[in-house]
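Presented sequentially are two complexes of chain A, the first with chain B as partner and the second with chain C.
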Partner chain A sequence: MQDKAASGTLAPEEPVLDIQHLTVHYVLEEETVEAVNDISIRLEKGRILGLVGETGAGKTSTALAALNLIPDPPGVIRSGSVKVCGRDMLRMSQQELEQIRGRDVSMIFQDPMTSLNPVFTVGEQIAESIRLHTDCTASEAMERAGDMLELVGIPRERAGEYPHQFSGGMKQRVVIAIALACSPKVLLADEPTTALDVTIQAQVLDMMIALKEKLDTAMIFITHDLGVVAEICDEVAVMYAGRVIERGTLDDVFNHTKHPYTEGLFNSLPDIQDRTAALRPIPGLMPDPTRLPKGCAFAPRCPYASPACIETVQTERAFSETHTVMCSAYEDPAFHIRREEV
Partner chain B sequence: MGKYIVKRVIMLIPVIIGVSLLIFIMLDLAPGTVLDQIANDYTPEQLAALEHELGYDRSVFYRYGMYMWDLLHGDLGTSYIYKAEVWDLYMQRLPATLLLAGASVLVSIVLSIPLGILAATKHGSLTDNASMVAALLGLSMPNFWLGLMLIIVFSLNLGWLPSSGFKDGFRSLILPAITIGTGLMATLTRTTRSSMLDVIRSDYLRTARAKGVPEKTVIRKHALKNAMIPIITVIGTQMGRTLGGSVVTENVFSWPGVGRLTIDAVKQRDTIMVTGCIIMSVIMISLIQLLVDITYAFVDPRLKSQYASGGGKRKLARAAGGGQT
Partner chain C sequence: MADNILEVRDLKKYFKTPRGQLHAVDGVSFSIQRGQTLGIVGESGCGKSTTGRCVLRLIEPTSGQVLFDGEDLLSLSSREMRRRRCDLQIIFQDPFSSLDPRNTVMQTIAEGVRMRGKYKTRAQVEGRVLELMETVGLAERLVNSYPHELDGGRRQRIGIARALAVEPKLIVCDEPVSALDVSIQAQILNLLKDLQRQLGLTYIFITHDLAVVNHISDEIMVMYLGQVVEKAPSEELFRAPSHPYTKALLSAIPIPKVGGERKRRILLKGEVSSPIEPGDECRFAKRCAYAGQVCREGCPGLRELSAGHVAACHKLGADGEMVP
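Let's turn to the complex of A and B:
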């Protein structure tokens, strides 16, 4: 890799991505949407973190903030820091940001239909990133763009075609190729497989695992597909109403579930043994992010909630070195959820 | 693409037939004929002979038939008043109109596209509001009034620039070009701004920023090329309109262009001359439109593939142009 500038040096144990106390609000004329509230995420080299949660939980805002790409206005980053390879993205000059984006940290966007520029060829769009961040000629960059296309399973001859000539799944793979073009150290993948059919989905997941193994890329994998999380993630963070309410290793969260919301997510999965069983969704809706309660945002839907839950400000409670949960019910040492230790 | 161009040229034929018929009928309905205008130059006997020769003793449709027969042979006819070929007269006046149209369109493109982009990128700021107020002002000022005001201020009071004619070269071009250019600039600034605003929040610009593309390049390359279609449409429409001769402005500044030629011919009931001028304008406007449609294909690859596949694409091209044509 002939990077134009050396990226920040890093002590071996330091995380490549370190988000601390991040708060993102969208300030509209009449109301303020509290999208992300005091989130902290640490990610080490070569690890994949699954960020799960329902629509509107603040997953995408977290990822955009990590690139300092929150649309402003109306987005405001109220507090926090986002360190990529030890350098704070939120306190950087525009020029430094442009250097680090796409080279050290890049993002796979959710909607492949609108994420590609319709008036440039896919080859040009991949090569642009390569040209910006490495010392190479236009033809070398196009050559490498062709390599990237092959990596995502598109014949390199199609580099000269425009996005409208590709199917949705292929567009998604082009978006992935753009994000991977400069072998970033941190990759934010925002539902990269949602638009793909299952066969391609498996290919893309394999590709991302291979990438992780080859380049030691750290990834945040945003999804609401718990199956995908089980397949590729090392760690899991569950988000609800802009907060991480449970986090831990894959084993912690999947086999030693602590938070009632996480339990609800698992319960709402279809039962493979009993195909006739009715689905058990979590009743109710996520609270309006413009009017979040002072205490636990999940309390109104929580089967274990006591009146105190809505008032009590939630704090993180560690169950092991890796496993933390934000639920005040555990103040009672006898409390446990039904699914625990399945 | 070749097939497409041929199709467009063929489509001109019904337009020319319709427009010329309309002019013949309208000028026939108006009181008086060209014969009243030139009556003093002839003896009554000569006049009667001329009436017969020009077909004024027969119906308007007979005269129209005569005209179309000549046109079919590529002859635009002879002006009754000037007693010269319409084609020659038109071509004498065309350079002045081309110069005026070219100058005003060029100046307004150079000024209003950057201004529109600035207004869009600083959406809601003082710059944005100020330029929109200026654009509204530019749109609301009628050409004849603006032209007269400019003459009063810059020619009569300050004496900086000539008030009329063509003799002082570049200096005489300035005031009429400003007069025409003001309205055009206003339209173009507003179009650029709204078109850029549509594009500026799009997902693919976010993708570009996430790649680390510098903000200037994001706007100038990624956004502008996508915002171009409506802008080109407006430029084409305005260019076509100006080429047809800006009747009002040319009259205010005594500019020797085709607009004035046309309006003089109307006053003198010179049906052949009027029809010839209008037909030439129709051809000019169609040529510009064709040029605009071809430019679309270079700007937007989606339209290019539609032209290539043949059949019914015009509607799509128009739809993409925001229906402003």
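Let's turn to the complex of A and C:
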């Protein structure tokens, strides 16, 4: 079996996904939603990056832009580049995009109930993805679809069944099988376990870790659940109002938290090991993405904010090779947040 | 003698389906002390929401008793029940679909205030609405806003104010924070706890989020396929879970901590079986690592392990350890 087109070749240290200065806006009649503002993300082979943030932080827009799937209109990619295996997704023809999507980079959506076609069997849907990207006969594709089903823990005999015959967790496995059918280098997973019950979520997460180890796929794992991040990711990027405000390894972000917003997120979570600990929510609400403050977007809710934070845009500051934070409070060398280092 | 505000006895709700009876709630019994919070947890389809709704008779139970302050709610006529509902309220999961889009905040809350009948004149009612808005932390300027103008957290506050308007004694909270972001979720959980302290409310707190239920509940009841499999004081349940399902459920919670010792996860085999005509075997047996002959022969009943801690499992020894 041979791929129809050679996929991009890579030097070993080059990232499989390299997003630089990406800005995505949604231009509406009366206002402009500034969803993603100058984001840069690098992802190396076989690594899992957790993209964390609340509703409206710009997580999904970032992932859609990485596939050049932003609905246009109203979406506009204002600037930036998205290199998958060295080739820029944003400067490709439709035909090139169709080749690369599903082969080098795939996406899994949150809701497994709506991302499958109800009138085709799951086997046909997996085989379709394989036939699009490889030269193989229909029966070979079905054979491989069966292999993929087994890989995600579904007996291959069920290839002839329709999506409605599967439970939610099983459907999400099918969606994962489709996404991984051509062994992509990069997988974008948008809240893949959010719609599942915890015991099923545990099964799916375990399976995803095993698959990553087997296929060496790099993943961006979008979630709002810091617990899931701790279970599955190698690195974390925390988003707020369209910017990555803190990034680093799991240890950097969880045990040496620097950004006040990240601290606020941790303080808002009930501690399952200490039920009497008080919740300290972040006061106020996310800023309106059509009217972002001109300085730091978190400043209005930030307990440490100074007048300078409200006026000036923060710049990225590196604490170590892996750990960077966007917060101007660190201009003052004595500044530290209250969360204790573990 | 414990001061139980609510006692539910052998509650059953069966739905008719073309393939037979669906046992949504199958013989659930529990009681709650006044001023306490009972958490009901379980996964999709375990019957936790149906149980909550049956208590309020929003769904008519098939059989059983619901004793509220000693009076069986199921024996009341629909008119009497309507009056009684001032004592029992519900807060729904989705603040987007549970508010009438054509009513302002004032109209939504005022409806409940009038229902109680304590405030007669328009000025009194409006004064009370403003008081309630302050209680739940809604700014007065929002009084004429419509739900679509507000975010999820504020909408959930309206839902809470509406429930409080009739001055209830017991509130069923059906996944009240599941649709909210964590920072807003924490604001609402703190509000619910404050209100309980101030007003002496009793809560039934239904959720699938175990960290949340642990934080807010005094006692926790774990349900599986329409039945109670374990019930214990929260601390006890998390410290010493006994039923194999509870153990697996607790071990599956992702913990937002890095480093230190990671707990071992118990992965369950397969998925929840069908609640239609479930038959007379332990409903968890197919997924249970300990299941034996006895589990396939009969459904286990709840047994007391220690004061206030009950579990339903054939394989559970007297000392709380599993018998192979």
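Simple rule for what comes next: the second predicted complex is superposed on the first by the 335 of 342 C-alpha atoms of A that agree within 3 Å, B and C clash if a C-alpha of one lies under 4 Å from a C-alpha of the other, contacts with A are read in each partner's own complex, and residues count from 1 in each chain.
Quick note on the criterion: a contact is a pair of C-beta atoms (placed from the backbone, for glycine too) under 8 Å apart; a residue touches a chain by one contact, two chains touch by 3 or more.
What you are looking at is a predicted structure, and each value in this text was computed from that prediction instead of being measured.
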| item | value |
| --- | --- |
| Fit or clash - chain C, chain B, common chain A | fit |
| Partner chain(s) touched by A:325 [first = chain B, second = chain C, both, neither] | neither |
| Partner chain in contact with A:265 - chain B first, chain C second, else both or neither | second |
| First, second, both or neither for A:280, with chain B first and chain C second | second |
| For chain A as apex, the angle formed with chain B and chain C - C-alpha centres, to the nearest 10 degrees | 80 |
| Which of chain B and chain C A:133 touches, first, second, both or neither | first |
| Which superposed partner A:250 touches (first chain B, second chain C, both, neither) | second |
| Which of chain B and chain C A:103 touches, first, second, both or neither | first |
| Touch count on chain A, higher of chain B and chain C | C |
| Lowest C-alpha to C-alpha distance for chain C against chain B (Å) | 9 |
| Set of chain A residues, in rising order, touched by both chain B and chain C | none |
| Parts of chain C lying in touch with chain A, wherever the complex brings them together | 43-44, 151, 153, 181-187, 189-190, 208, 210-212, 214-216, 234-235, 238, 248-249, 251-259, 265, 267-268, 271-272 |
| Contacting residues of chain A [partner chain C, same complex] | 54-55, 167-170, 197-203, 205-206, 224-231, 250-251, 254-255, 264-273, 275, 278-282, 285, 342 |
| Residues of chain B defined as touching chain A within the complex | 201-215, 222, 225-226, 299-302, 305 |
| Residues on chain A engaged by chain B in the complex (per definition of touch) | 67, 69, 71, 94-95, 97-103, 106-107, 109, 111, 114-121, 125, 128-129, 132-133, 162, 164-165, 175, 178-179, 181 |
